[in-house]
């Protein structure tokens, strides 16, 4: 099959279209602009709609409206815009509406900068908005994986009636890699017997709602959501293991930092250092099972992130004190340099001596 | 005996939670009657706000959404863009529409979104305990303007219908009042026109409905209606600020 | 084979598109490729650079932090990136615009007056391809045939008339470094 060279941000758009998404509502922000540019052209070609909203607050609520009708819909932004969307994301989770939200993370906090970062891990996986809820969070590490995961993102969001967030950064968004997209497969969207489309279809009234004014009822709703989240945790943990056979140390990294760690693993292995990589593909649910599988056979873990240490907390929870978990991070839009990560690995192997 | 008056089909048979003398009930009824008369019940989708009328999704018997505070026009945009042949309306109070949701209402109008907005202006935040609204009159006492609204501190009340009427995307903008039977009849006419504008696909339509809030104004129901007439009408003139030639 | 090529210059010098052409050519030859840009907030006239990785095996990291080849199209690029080139690597210096010498002794450095030579053959727009030609000749990272094929793919049809001069530039560049 012929390959084409594609930017990550464009791949998000094409992946969405191929997954049957026909509605995009968004507000411009760097570094994800190629995505709206792409969809503004592409959506009309497939009879879809690209609509530029007046703010991220409006975008996410347009998504809420469209999702409630049963349509496949998405929005995208970067840190500051995703922060503005948090109320709407909480409503989407509360009302159990499927949709896909893309966050191409930039350096923060505040206005920060437009350089790549992974500092929105907490926001995506631990809440961000108010109330007890979870997003399914996917973290691709290549342009091909972006295309593939966009399909999964829409499928998972429909399957669980839950918003899904795809997290990348400026590196993934702007890099070009060859991708195989093949021919558009015919798709059939799942039945949505809850969708609000007017009462033309039959007798019962339908409602999209997250208000449960009676505490007893709201508790029941929360229990129901929790049951769903438990099921997702059980069924949907995904990760990639890279050269973990016989590894004494396993690095844990996602997205762009995982790509850098892969090159570090290669260098270490060439030099006879038994190092491997576990790359979470789902950030929530965190691939606890992958860590647990390795914890007895490895001596230590090193988490590498483009933040001050966020995912490392989940790694530590999964390791549960059985092994030391080290951390190396670059922040503010700085990307870890393979050489420096390698030095860090060597230091740990040498008992803390550089 | 011939039945001359009955509950509109679009209004569910259940008691409202509104306070005695509140005019939300009248506004609900007018909207429901219009939906019945235009025979669009099956196509109708209501978007409820946050505020006293948060539960209007229970009362309107059509399909419905409950939106976050101020965002009903964005939610309605999402619905209508997917289902352009449905009849979509938001029902919003003055805090929802004229304060926190100003961006959404202005830009929905600017885009000419083809849905209808029922805007209840009672010059106060009622659900949260009688605080100042953007529509609170100068000198009016509320729990957050205990000495009366002072324009130096709080600015002046916002006339939303006039403001929205200057936007090209707005096809219909009118202000009506519910303080007496004659005005209730006029209010219904305006609401019907607004829905007709939407059904004809002409663009954004809004009806601002001056309403009373006896509880938070601290007045008995009849005096509240009189207060509305004496105080709100001079500041908020009634009438149609914009209407398309095609329908009216 | 694993080449990490860093191309750097002013915005508007076409360094991003030169990198894309190279990546595309690698893909045409069935190699593993990645292209990654980095540029300042200025849309035009700021510094621009991109990294291109071309390899026989899957590319672990697309970030070119230790390039095997540096193409410096202007002086700030040379000053900024000279130090990160791997020992034994190659530095191409666009001597039309850079009036200083590289300081590294452990790399091979080629001074190519790319803008002047491009003018000589008829268009200053093909300066990058003069250096690209030299790069191909020295590294064989992709074939000239693959670049030619890619030019037809990446250039819009109304620019196809520019292809002959682009190929000429590659040839001239290659001739410069041919033993």
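So that you can tell them apart, the chains are marked A, B and C in the order they are listed, and the count of residues begins at 1 in each.
The rule is short, and it goes like this: contacts are C-beta pairs under 8 Å (C-beta built on N, C-alpha and C of every residue); 3 or more make two chains touch, one makes a residue touch a chain.
This structure is a prediction, so every number in the text was calculated from the model and none was measured.
**Student:** Which of line, ring, star, complete or other matches the graph of chains that touch?
**Tutor:** line
**Student:** What pair of chains is linked by the largest number of C-beta pairs in contact?
**Tutor:** Looking at every pair of chains, the most contacts join A-B.
**Student:** In whole angstrom, what separates the CA-based centres of chain A and chain B?
**Tutor:** 40
**Student:** Determine the centre-to-centre distance between chain A and chain C, using the mean Cα coordinates as centres, and give it in whole Å.
**Tutor:** Roughly 34 Å separates the two chain centres.
**Student:** Measuring from the mean C-alpha position of chain B to the mean C-alpha position of chain C, what distance in angstrom results?
**Tutor:** Spacing between the chain centres: roughly 63 Å.
**Student:** Write out the stretch or stretches of chain B touching chain A in their complex.
**Tutor:** Against chain A, chain B makes touches at 41-45, 47, 54, 57, 61-68, 71, 74-83, 86-87, 103-104, 106-107.
**Student:** Touching residues of chain A toward chain C in the complex: what are they?
**Tutor:** 3, 5, 114, 171, 174-178, 256, 259-260, 262-263, 265-266, 335, 337-339
**Student:** If we count contacts the way the header does, which residues on chain A are in touch with chain B in the complex?
**Tutor:** For this pair, the touching residues of chain A are 23, 25, 49, 51, 53-55, 57-59, 61-69, 71, 73, 87-88, 91, 95, 196-200, 205-211.
**Student:** If we count contacts the way the header does, which residues on chain C are in touch with chain A in the complex?
**Tutor:** Result: residues 20, 23-24, 27, 32-37, 41, 59-63, 65-66 of chain C touch chain A.
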